[in-house]
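In the two complexes below, subunit A is the common chain; its partner is subunit B in one and subunit C in the other.
The block that comes next holds the complex of A and B.
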């Protein structure tokens, strides 16, 4: 009797939940995509500065990159969402806080990829460009950048997939992303295996094509010197 | 006035001085072969002429332009095309793109004209059938011949060739040498660092022998391999050591 009474408090998974999950996919994709675009732009700038021959200038991005790469995303998220209002009086809504945090985090890792991809190109490629009369900028654009891009793209996609999955952290600041809806529906229906299975499947459906694209590009761009 | 005037240059890497108060002139004619043991500054000299290495002191004038002035480097590098020891074909471009990219970007040569010119030079180096090939479809010798053709696309007055056959097997070395001999016959001016004595004997007009960062001998080829070799123990020893 008692068991029947307890089960009675929970509702079954309903058709309406499908729409809720689809809306949650929209939240996850919106926050992730905006963050990846901003993070890629900032990360590219930081990565290029890291390539400077001037040691002081090339070290400057590390001030931003190192703390972000060496602390958990969730801590960064709480610092921005809960910490900024307390210390600086900057009160951010959940969306901007999530986007700011994910963007900065993406930028820190993307900058490393940019720096590594550029420095992986042999010095002889720069010299060959110079010897043909190209200046530094022209050698970079016509010789180095296009080779570096081929190294960068597969790694960048892997980072993007990782950041998509890390975006589940935004559920902790009450944004109704896939993970947050998973928590709510799971508690309401008391069917954790089914609900988290759906969450798992949704992330998989979004990530899998990207993972395949990364491995396809990795094979396509593989060249030796 | 000589086309290339090297004036009292010194080049050091840390405590190691590679070129000491080094001076030499090169005219815009003939083939000068630069010989000498490893580490005597042969490649460094070519790299300094091309502005790829900064000298510690002294100056190099190419067509009257100083390599010490950064603004001149583009012109100097177009005047002196350079081909390196290790092949540096741009791997993201096919052969034709490798050849036409720089003339189109720097000399603003129209694409059609650049392609015609590239086909001419590909024929010259015997690789007219390879214009669509990527670098990994080419042998080492073919890549070096492409690198020579690519340098020629910029209409240089001289070619600086830095041990371009040292990483090749004898057959590929012969292929490259045939191209150089053909260019020499066409009157292309070349400064060539090499250990290929057959090339020096067949093609060179002038031999520069370096040791310890200085010129030991600067003489016409016949004199170098004749009288000078007999009289100079250092040169005789070097030539004997490399089997000449």
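The block that comes next holds the complex of A and C.
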């Protein structure tokens, strides 16, 4: 990776860079996937609490969600990576810091989606469930949640794509993801167009099919009750 | 037990730095707001044009910008413009990159607004004898911008949050200034917490104002 350049001679893009880029893809995908899974679980929980009838309980998750949704991810990342170790006197590695921040961030946005798609189901559906003799929990699982899921999935995919883009921020806390490697190789080879072209292509190849899937699903579920 | 200390805020040197940061953030936000909106409007019109090439270009523009990270776009401009012999101030580079980035989101929103203008409105305008320009000026834009107002504000909030990324190309905006101060006083928790709260306050303020404005200009079609 670190080749010495002498007298203005810059090293060319080499075969070894393919492996570096693949490794970087691995880092990006690993951090993104782990934090998406954790974020989805936590976000679902927060979203369900948001649906509570009790006003006080339903507004509790907002205490965590609003600051996460209304501040830049970079600041959150730096707060966790540099700030938390100072407060708690622990050493936080870059990976856990990145995963923690990204999952909390994802959870905050996912909770909103869950809450919106559950409240979008008309009250008549609840009444229909009760009329058929279902209990509250049974109505929720068998009637409401299934319909909400259909609204939720396309939006969730869009959110996931967005979080994949946001994961490039982890390069700022020294993780060697695609963006970071692009930066290093671009500076080393002085071929910004080629190197950033590769980086663009890598992100595009991962997220474009997902985006298409999301818009396809959105069209499929787009009908009124 | 960790003790919070905000003593560094009393140092005039750091106050200066924070002031510079705020000004740079405002400059970037202001220009990106204008250029991002204009580019978004143009691309939205392209996507509705009759020419296939323009529509394809518009679709690609939006798809590409939405499916690649802003950080990569920023680094691309920062590294490749000097290669073309164009050496610009990092602030200008970040204005260019961020304007282009926000134009994608704005384009989608404005397009949705344009679609809200039904065919009958165009027919009415034609019946009243309005020219094409007059139709756009007096009928299409007032309706579609009102419909698009709320999502445009949410894009604007996003834009403010995204300006914080520009510190990575050495722009001394709010985040960059905080990073420099942190490098000198080594109080990361306090500084970034303060920054988090500051950004939250700004965005809350904007969403409150926008709600009030939206109530005034809202229309039912």
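The working rule: the second predicted complex is superposed on the first by the 216 of 225 C-alpha atoms of A that agree within 3 Å, B and C clash if a C-alpha of one lies under 4 Å from a C-alpha of the other, contacts with A are read in each partner's own complex, and residues count from 1 in each chain.
Just so it is clear, a residue touches a chain if its C-beta (ideal position, glycine included) is under 8 Å from a C-beta of that chain, and two chains touch if they have at least 3 such contacts.
Computed from a predicted structure; not experimentally measured.
With subunit A as the common reference, subunit B sits beside subunit C without any clash. When the two complexes are overlaid on their common chain A, residue A:134 makes contact with subunit B while staying clear of subunit C. Once the two complexes are laid on top of each other via chain A, the angle at subunit A between subunit B and subunit C, using C-alpha centres, comes to 100°, given in steps of 10.
Contacts of A:208 after superposition: subunit C is touched, whereas subunit B is not reached. By the touch criterion defined above, A:156 lies against neither subunit B nor subunit C after alignment on the C-alpha atoms of chain A. Contact with subunit B, but none with subunit C, is seen for A:125 once the two complexes are overlaid on the shared chain.
Put simply, more of the residues of subunit A are touched by C, taking subunit B and subunit C as the two choices.
Judged by the touch definition given at the top, the superposed model places A:108 against neither subunit B nor subunit C.
Of the two partner chains, subunit B is the only one that A:147 touches; subunit C does not reach it.
Contacts of A:185 after superposition on the shared chain: neither subunit B nor subunit C is touched.
By the touch criterion defined above, A:83 reaches subunit C but does not reach subunit B. With the two structures overlaid on their shared chain A, subunit B and subunit C come no closer than 24 Å at the level of C-alpha atoms. Within subunit A, not a single residue is touched by subunit B in the first complex and by subunit C in the second. Per the touch definition, subunit A reaches subunit C in the complex via residues 66-67, 70-76, 78-79, 82-84, 86-89, 161, 165-169, 171-172, 178-179, 182-183, 186-187, 190, 192-193, 196, 199-200, 203-204, 207-208, 211. Residue ranges on subunit C touching subunit A, taken from their complex, read 2, 63-64, 66-72, 75-76, 79-80, 83, 157, 161-162, 164-165, 167-168, 175, 179, 182, 187-190, 192-193, 195-197, 199-200, 203-204.
In the complex of the two chains, the subunit A residues touching subunit B come out as 122, 124-125, 127-128, 130-135, 138, 142-143, 146-147, 150, 223-225. Against subunit A, the residues of subunit B that register as touching in their complex are 50-52, 73-75, 77-78, 81-82, 84, 86, 88, 90-92, 101-102, 105-106, 134-136, 147, 150-151, 154.
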